[in-house]
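Labels for the chains are A, B and C, by order of writing; each one numbers its residues from 1.
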Amino acid sequence: MKFSVIVDALPHLLGAAVTTIWISLLGVLLGQVIGVLVCVARQSGNRGLDMAGGVYVSFFRGVPLLIQLLLIYYMLPLVGIDVPPLVAAISALSLASGAYVSEIYRGSLNAVPHGQSEAALALGFSSTTIWTRILLPQAFRFSVPALVNELILLLKASSLISVVGVAELTRTSQTISASNFRPLEIYLAAGVIYLAINSALALFGTLVERRLQQG
Amino acid sequence: MAVTDTPTASVQRVAAADDTAPMVTIRGVSKAYGSNEVLRDIDLTVNKSEVVCLIGPSGSGKSTLLRCINFLEVYDRGEIRIEGQLVGYSETTPRRRLSNAELRGLRRNVGMVFQQFNLWPHMTALENVAEALVQVRGLDKIAAAERARLMLARVGLADKADSYPSRLSGGQQQRVAIARVIAMEPHLMLFDEPTSALDPELVGEVLQVMRDLAAEGMTMVVVTHEMGFAANVADRVAFLDRGRIAAFGPPRQVFHESPEPRLTQFLQTYHERNSF
Amino acid sequence: MDSNLLVHYGPALLRGFGVTILCWAAGCAIGLALGFALMLLRRIDVKPLRWIIRAYIEVIRGTPFLIQLFLLYSGGPAIGLRLEATTAGILGLGVYGSAYFAEIFRAGYQAVPKGQVEAALSLGMPYGGILRRVILPGMLVSTIPALVNMMAILTKETVVLSIITVPELMYEMQTMAAETFASFETILGMALFYWLLVEAVSRLGRRLETRMTRFLSHPSNARA
């Protein structure tokens, strides 16, 4: 084990880690949007929307992420969209995340006491207002810990986008170890970086959860 | 349910109580949770074939004291001895805490009946009673099952041998729990509020089993709110208040002649709650 | 998709599926056994041991599965561990799963009502007997859904093995896709296949769960 190898590679690895982080962040944010939309669609009462949403959730939770990634990567050119691997990667991550997130929101919506929307209806609130001012904010509160958890999951999942060539942490580790023939040191370093980021996030998540419980 | 002893039973018990070999000796026992002193310098002796009831308000430490006797709770200072054997600690100086494995020998001779029954839900009544016979007494399955049936018959549940606990009433579950204990032929039985979790109409059947056990000469320490039981079956009653034994003696003395104000207050509340 | 293609590649795909099942089954077996052992070891009141196990679990759950595979397969030789791809894949799945299974077993163990263990202790039962006859049955209902869920997740993780050239189903399908230039159709087929597979595993798991809960029906200490 040569530590000097790690020291030399560190700048590249850390740079790639930054890429990993913002790709994952984007994935989570887009996933949130998709998730909320799908959740609302499923709760809307329209059976068609509910079914479509159901299929979406089932597909993106059941099919392995790697296959989803390749599917989007190969599908987009076919429908004429010529996109860089990065876009395909973020799309795959967002769609996958969205499926899980929509279920999380469905769960937390059920956790909001029913009486609240009933009271709002009785007071004459409109449906949209009930959603935006009462239900969604509370569902969001219940699910903030789940959000942080989602980010952690996406950070780990992002390692798969290396297969389509995106220069994130895993891909960069592969490239470096292919040239210096020291996979053990490089992958260990990458692992430690992933662990550090995830541990920090987990800690952050616990702190946020505690703050929310007090609030 | 009749509340009085039969003449034979009470004579039996008095006779048994003459055998004044101490079964349980508790000397200077104290226990604290952090700064909260749960037990303060408890002295108590339970003789062979005696029935001692522990009464008192919640938080007085009576359950804790009971659970210290078989070391399900750890006491910090003092000594508890059962038939002369030190409970929970080695005889060395300084003493060290014994592990669960080392406590097995002692515990097989002491039976405990819990407020929540604690039957094992995935086993039938028969299997519940037979389990320890197989594992601890080393009986083979057939002998254990036979003995278990006998025990269930003793508590009046022979016909429920193959029922699962979820199909039994609370009173029946508690009687199975008692059968599970007496199958092991314990020298001493500890009861931790055995009827507190039961609906009122089921309390009687459990108390009757306990009365029968007392009549047969079982040494019993009972934490209970059933004052009728304490008054009629106990040889001696201990009133605990805030970790101390505030009153102790035969039921008549404790219930009717004690000057202890906290006890009077406690009994007053009890009477108010239980008469209508 | 041309049916001739299926006939031609059929055997290879079947072989690949066989490897997938092998890796999944062996990985689950290792993971479950290791996870259970870890749960038991954690009960021992030795601080360094508990710390090591906790670190093991945190590291595995905090890093990507792919990195763990790369470490085993590519990094292994540097410490004298020369594994074949499939072996590395199975080991990787097993180790990865063990961390999650260990947590599931831990939660299940703690969910067994303390009173049932106390009753066994007060009767003088030995720990081995208590574990076997009281704790394990008590854990069944609560852990089976979580265990099945994790095993379904491991089904999906088998495709990651293709990246370290384990000849499982996805690897064979990608070979087929490359040779036939029918990338999209092949991948779509793969997606649908795995979708069905995971759905089937999940359904089976739910049925098993309902069966178990019915057998061990009501909570203990039902009041009259």
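Quick note on the criterion: a contact is a pair of C-beta atoms (placed from the backbone, for glycine too) under 8 Å apart; a residue touches a chain by one contact, two chains touch by 3 or more.
To keep track of the chains, here are their UniProt names: B = Amino acid ABC transporter ATP-binding protein.
Just so it is clear, the model here is predicted, and its values are computed rather than measured.
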- Message: Building nodes from the protein chains and edges from chain pairs that touch, which of line, ring, star, complete or other describes the result?
- Response: line
- Task: Please indicate the chain closest to the centre of the assembly, with centres calculated from CA atoms only.
- Result: C
- Express in whole angstrom the distance between the two chain centres, defined as the mean CA positions of subunit A and subunit C. 22
- Can you give the whole-Å distance between the Cα centres of subunit B and subunit C? 46
- Item | Centroid distance [mean C-alpha coordinates] between subunit B and subunit A, Å | 57
- Note on the structure: subunit B partner, complex, touching residues on subunit C are 113, 115-116, 118-127, 129, 133-134, 137-138, 140, 216-224
- Query: Which of the residues in subunit B end up touching subunit C in this complex?
  - Reply: 70, 72, 100-101, 103-112, 114, 116-123, 131-132, 135-136, 165-166, 168-173, 177, 180-181, 184, 197-199, 202
- Query: For subunit A, which residues are in contact with subunit C within the complex?
  - Reply: 1, 58-59, 62-68, 70-71, 74-75, 78, 152, 155-160, 162-163, 170, 173-174, 177, 182-185, 187-188, 190-191, 194-195, 198-199, 202
- Note on the structure: Listed in rising order, subunit C residues that touch subunit A in their complex are 58-59, 62-68, 70-71, 74-76, 78-79, 156-160, 162-163, 170, 183-184, 187-188, 190-191, 194-195, 198-199, 202
